[in-house]
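In what follows, chain A forms one complex with chain B and a second complex with chain C.
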Partner chain A sequence: MTSFSPGFHGRPRALADRLPPGQYPTESFPVLSAGPTPRVPTETWTFTVTTETGATRSWTWDEMMALPQQETVHDIHCVTRWSKFDTHWRGVPLTAFLDDVETAADHVVAEAHGGYTTNLPLEDVLDGRAWVAHTYDGYPLSPEHGGPARLLVPHLYFWKSAKWVSGLRLTVEDEPGFWESVGYHNYGDPWREQRNWGD
Partner chain B sequence: MAAHWFGARLVERRAQTATGRTLVLDIPGWPGHLPGQHVDVRLTADDGYQAVRSYSLAAPTDGERVELGVQAVRDGEVSPYLADVLPTGARVELRGPLGQWFVWRTGQSGPVLLVAGGSGVVPVTAMLRAHRAARSDSAFSLLYSVRDPDEIWYREELAAPDDRLDVRVLYTRRAPRGEVRPPGRIAAADLGPAQAGPGTVYVCGPTGFVESVADLLVGLGRPAADIRTERFG
Partner chain C sequence: MAQDTGRPSGTHQDGNRLAGPLSEILRAEPTTAWWRCPDCGRSGPLAELHVYGPEPGLTARCPACSRVALRMVPEEGHLWLSLGGATGAFRFRTA
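Entry: the complex of A and B
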């Protein structure tokens, strides 16, 4: 008998092994954004990789779409506590943008239209663990979910999967991004429940 | 600090609407919070199973006493329990305060427009209460969209005359007798030229509402950087 919340029973204990601690499963696709949804036309869309020395390389929408594409299926976990199983995406693995880049950096800052940023260790976006995703469930990704293209880094809380992504900036020092500067955890591993500063 | 779970005792529950509740809790050791912040509430079943959801704080810091707004969601796992089952005097676990973005700071100058849909009024109410308590000079206005008059939270408080707070309720389905504006979703005219001035806008409500309001504000020329949003559902 717990001393808290008497009479609370909760839902059937299913899916426990697929659900990180403190999450609940949802069928819908809720939205977390700090401000208005930017409208980014594919005609002017670019994706730019900037190294720590300032060297840049950019791709237009058509160039990005001409790169080898992957279909990928993941469970995703939002820090606001919903998890969604078996989400279907199509996009370009980040290695395709980073393989030819000369860098000594250990970190990346993902940048987005509208000014949003989020920081990740470089190794977390290599080796098929992160994508630029443009298609969700067979349809072009809608603006409120980050379309025309967002980052997809499913092994971290979903705020790391920057919506409206515009590029990656390689950095020698770790630079906290937008949510990481206003209370969210710097790394954001859902299985270690790294939600907030101090977790 | 953020990782610490407090024991919180329910001292009072008040109905705001048919499904909306104010929960007043005492939290020994509560460090205080900023208007607009939220908390995580954790429930534990007898077999150790736990469920956690986030709820907004509805009032500024008041010692170890906090006020939450809970909208019971049909078939929800946590909200119906908090709204109608948790006995007064019983405890839940709670952690926070959380969120450093959707907040209003007392020292913040400049006019503020609050736009709330449904129970999205809870965190912005913490802001307007803090504004009132601080006797802040910055102009505050609230646009509050509800389905019908029965869905209004904090009814008497929001209706009370206050020359530093301008409140306007917008009805989407059914308006009270005497209301000139026909029922309908919030539109550019509601956010009109008077609302297009400088200052920060806080928008909170269901996703569709927040998307629509933020788009309208950008269309009226409000800089995106001045618009802060919080969504649920």
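Entry: the complex of A and C
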């Protein structure tokens, strides 16, 4: 008779329960591009927070790496319908960049090398819900996946996790980003299947 | 269904990739179109544009300076089109 071990960590959450509507699971890590892949050396990399008054604060790569780091594991969901379970990241929670910033803004625009932008509610990037991620699966994040550092906002569709992130701009008014301004949903919750503008 | 594009990251197709979706909303033959880049001044036929995508959408860029020339996102029954980006976007009914 064949028996199955329940494993060391108890019964895992059923994968079907972790798959948002309309998604399929994949083991690969597809790469989608809206332009040439920027090559950004860490020697010149900076991350800049700009407030609605124009005040700025910047971190170099070394300054960013000196901030408290977190290891984090998440399922990620692309609006093109693939989902990937248990992705391993290392990075800095956005709270570390925003805690000391004086602002009345309710929104942020993530800006990236190459001109990409995406907009998010400020509250969605605080309290450990978003990171600047520089390591994937134990290795430096490759340029194809947004290295040297990308935004990681795993509770929203993955277009919100801007590759090659260069900074955050705090805004009083919501400003639709690169895909949000051409038909994609402004918020992008995969569990409510917010893919398109009208969803 | 979404798939990896099968091309290396950051690679592109030529501008004629735009002809199919553009022909849904234009009476003129899209491949006969010329464009001019407002940043670097380069001009040429549609085919010279570098087109990235198709997912999450088609992004056409100037081959000289990479400025976005247009973005197109098809969705069920509609086609979203943004020319350049600063002018907002248009949603055309296609079905």
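Convention: the second predicted complex is superposed on the first by the 185 of 199 C-alpha atoms of A that agree within 3 Å, B and C clash if a C-alpha of one lies under 4 Å from a C-alpha of the other, contacts with A are read in each partner's own complex, and residues count from 1 in each chain.
What we mean here is this: contacts are C-beta pairs under 8 Å (C-beta built on N, C-alpha and C of every residue); 3 or more make two chains touch, one makes a residue touch a chain.
Predicted model, so just to flag it, every value in this text is computed and none were measured.
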First, second, both or neither for A:Glu144, with chain B first and chain C second: both
Touching partner for A:Trp82 - first (chain B), second (chain C), both, neither: second
First (chain B), second (chain C), both or neither touched by A:Gly22: first
Partner chain in contact with A:Arg13 - chain B first, chain C second, else both or neither: first
Touching partner for A:Gly183 - first (chain B), second (chain C), both, neither: both
Chain A residues touched by each partner, larger count belonging to chain B or chain C: B
Partner chain in contact with A:Trp159 - chain B first, chain C second, else both or neither: second
Overlapping contact positions on chain A, where the chain C interface meets the chain B interface: 24, 28, 30-37, 80-81, 114-115, 144, 179, 181-183, 196-197
For the chain C and chain A complex, residues of the former touching the latter: 1-5, 8-12, 50, 52-53, 55-57, 59, 61, 66, 68, 71-73, 75, 78, 80-82, 85, 88-89, 91
Residue ranges of chain A touching chain B (in the complex, touch as defined): 1-11, 13, 22, 24, 28, 30-38, 80-81, 114-115, 144, 179, 181-183, 195-199
Touching residues on chain A, where the partner in the complex is chain C: 24, 28, 30-37, 78-82, 114-115, 143-144, 159, 178-179, 181-184, 196-197
Of chain B, residues touching chain A in the complex: 1-3, 7, 42-54, 77, 81, 85-87, 90-93, 98-101, 207, 210-211, 214-215, 217-218, 224-225, 227-229, 231-233
